[in-house]
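A, B, C and D label the chains in the order they appear, each numbered from 1.
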Amino acid sequence: MAPADFVHHERVRFGDLDAMRHLNNVVFLRYFESARIAFIRELVPEHDPAGPEREGVGFIFAECHIVYRSPVYFDEEIAVHCSIGEVRRSAFQICFAMRVQGRLAAEGHGWLVGYDYAEQRSARLPEALRERLEAAAPSGAE
Amino acid sequence: MAPADFVHHERVRFGDLDAMRHLNNVVFLRYFESARIAFIRELVPEHDPAGPEREGVGFIFAECHIVYRSPVYFDEEIAVHCSIGEVRRSAFQICFAMRVQGRLAAEGHGWLVGYDYAEQRSARLPEALRERLEAAAPSGAE
Amino acid sequence: MAPADFVHHERVRFGDLDAMRHLNNVVFLRYFESARIAFIRELVPEHDPAGPEREGVGFIFAECHIVYRSPVYFDEEIAVHCSIGEVRRSAFQICFAMRVQGRLAAEGHGWLVGYDYAEQRSARLPEALRERLEAAAPSGAE
Amino acid sequence: MAPADFVHHERVRFGDLDAMRHLNNVVFLRYFESARIAFIRELVPEHDPAGPEREGVGFIFAECHIVYRSPVYFDEEIAVHCSIGEVRRSAFQICFAMRVQGRLAAEGHGWLVGYDYAEQRSARLPEALRERLEAAAPSGAE
């Protein structure tokens, strides 16, 4: 029932290359941003990434880790696989793996922490959100 | 036979928005870059945008003009319509119109000029290329 | 008295290059954006580009034209010279020339049109703004 | 003698903001890219980031980790402090801390691994480079 694995697709644009003619290291983080926003919108359809303060309590991106595994070239199609990792009271982890025609291009994760836009400080995740995240996490089916 | 109208699609990413929560003006030019490269590759399949100097004579982007018609928002799907405009001995024009669900978001054009990578200077367009461009131009069917 | 010529500086970053190892055509427009915002803030110190709707009537970027004159390379220092061009009742023009160590890298202009954020439509430029723009325009000293 | 702490400066541009009117998370990685390239060029003046394959053995960016500490706003000046962390036979770490007027905006590190451009595979760091890195590392003064 839960999206154990969400996949977002990107196609490498000329403007994503750097002087080495590889997908630039920074653009991997941009792809991960687009992928996790699409993933979160599937889990939480009412989430509006371009106006989250209207929701009262949202989450902010607090940490990222990327391991680059192989170079990526112009016009290649990247599948960004996302999954929910650890879920805590006030934070959760999204893990990703970027694959290009079977080879692993990069992998890593990000941490998102609950944030109260009215109070302008970190906050516990809303109960309803945490339940959905736990249901989507690999161990959530137990 | 000729692609009278080539269409490239983009979906507005969170990272394409600016502080006004609109598609940033600079990103329109990025979309046009991606669209015209895809268009040129359809007209000239042997063209390699990430290594054009291997072709001897290529073309460089020399001028652009963009008229912004209406704001574009997160997650909207943009159709970038491209067509060949004027074709000269050493330059040609690519015209574009960006449409979002029927409304016109922007329009404009770019000029590309022939360039000799060995000599490092502008050059006449190769005859074969010019023929293909003229065939693809609206008046090319006459 | 009026800033007949405003200069904004950029230093070409690795991330601004494309696969041709030149300053990418799109980044010229990004540089122009940064330059004109700094220029406008000098002319209109109370302007807040990251929250213009609080000012009631602002302006939006409506058109741009760029002519690329010579390639620009990694770590080069660009001087973006800006000046006010034509000033109309509801729009004004900002002209620019980008120079790198004496050579002209690009030139062009943009049009900004008055915009009423409350009414969400184009509007006449506030009188005080138009006076400042006219004073800053080359012919404003007459 | 060794640059125990290298500092690169960035000023937040309008185009670096996202829809939340904060410095976008991806742009922190861009700033780190610019900073570490400037840092490496100070340590290894003969290094050409836009043509490293001419050097025979260079290094590629293999991993990054960023912890975001506080939001950053339009026009703020960021000091990106860089230092050499761990130095191994075929890889080394660059650590960074981004400070804005005394507050910590982000911190993290990247790993660079030796790369043989002719053989197209990872390689031991050249001896001369490793010596310079070790001299620049905090413990290098022992």
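One rule holds for everything that comes next: a residue touches a chain if its C-beta (ideal position, glycine included) is under 8 Å from a C-beta of that chain, and two chains touch if they have at least 3 such contacts.
Quantities reported herein were computed from a predicted structural model and do not represent experimental measurements.
S.K.: By the contact definition above, name the pair with the higher C-beta contact count: C-D or B-D.
M.R.: Most contacts of the two pairs: C-D.
S.K.: When the C-alpha atoms of chain B and chain D are each averaged to a single point, how far apart are the two points in Å?
M.R.: For chain B versus chain D, the centre distance works out to 35 Å.
S.K.: How far is the middle of chain B from the middle of chain C, if each middle is the mean of its Cα atoms, in Å?
M.R.: 24
S.K.: Report the inter-chain centroid distance for chain C and chain D in whole angstrom, where each centroid is the mean of the CA atoms.
M.R.: It comes to 31 Å between the two C-alpha centres.
S.K.: Where in chain D do residues touch two or more other chains at once?
M.R.: 14-15, 17, 19, 21, 26, 30, 33, 49-51, 74
S.K.: Between the chains shown, work out who touches whom and classify the graph as line, ring, star, complete or other.
M.R.: Graph shape, chains as nodes and touching pairs as edges: complete.
S.K.: Tell me, which parts of chain D touch chain C in their complex?
M.R.: So the residues of chain D touching chain C come out as 13-15, 17, 21, 30, 33-34, 37, 49-51, 73-74.
S.K.: Looking at the complex, which residues from chain C come into contact with chain B?
M.R.: So the residues of chain C in touch with chain B come to 19-20, 25-26, 29-30, 33, 49-52, 60-68.
S.K.: Which residues of chain D touch chain B in the complex?
M.R.: Listed in rising order, the residues of chain D that touch chain B are 14-15, 17-19, 21, 24, 26, 74.
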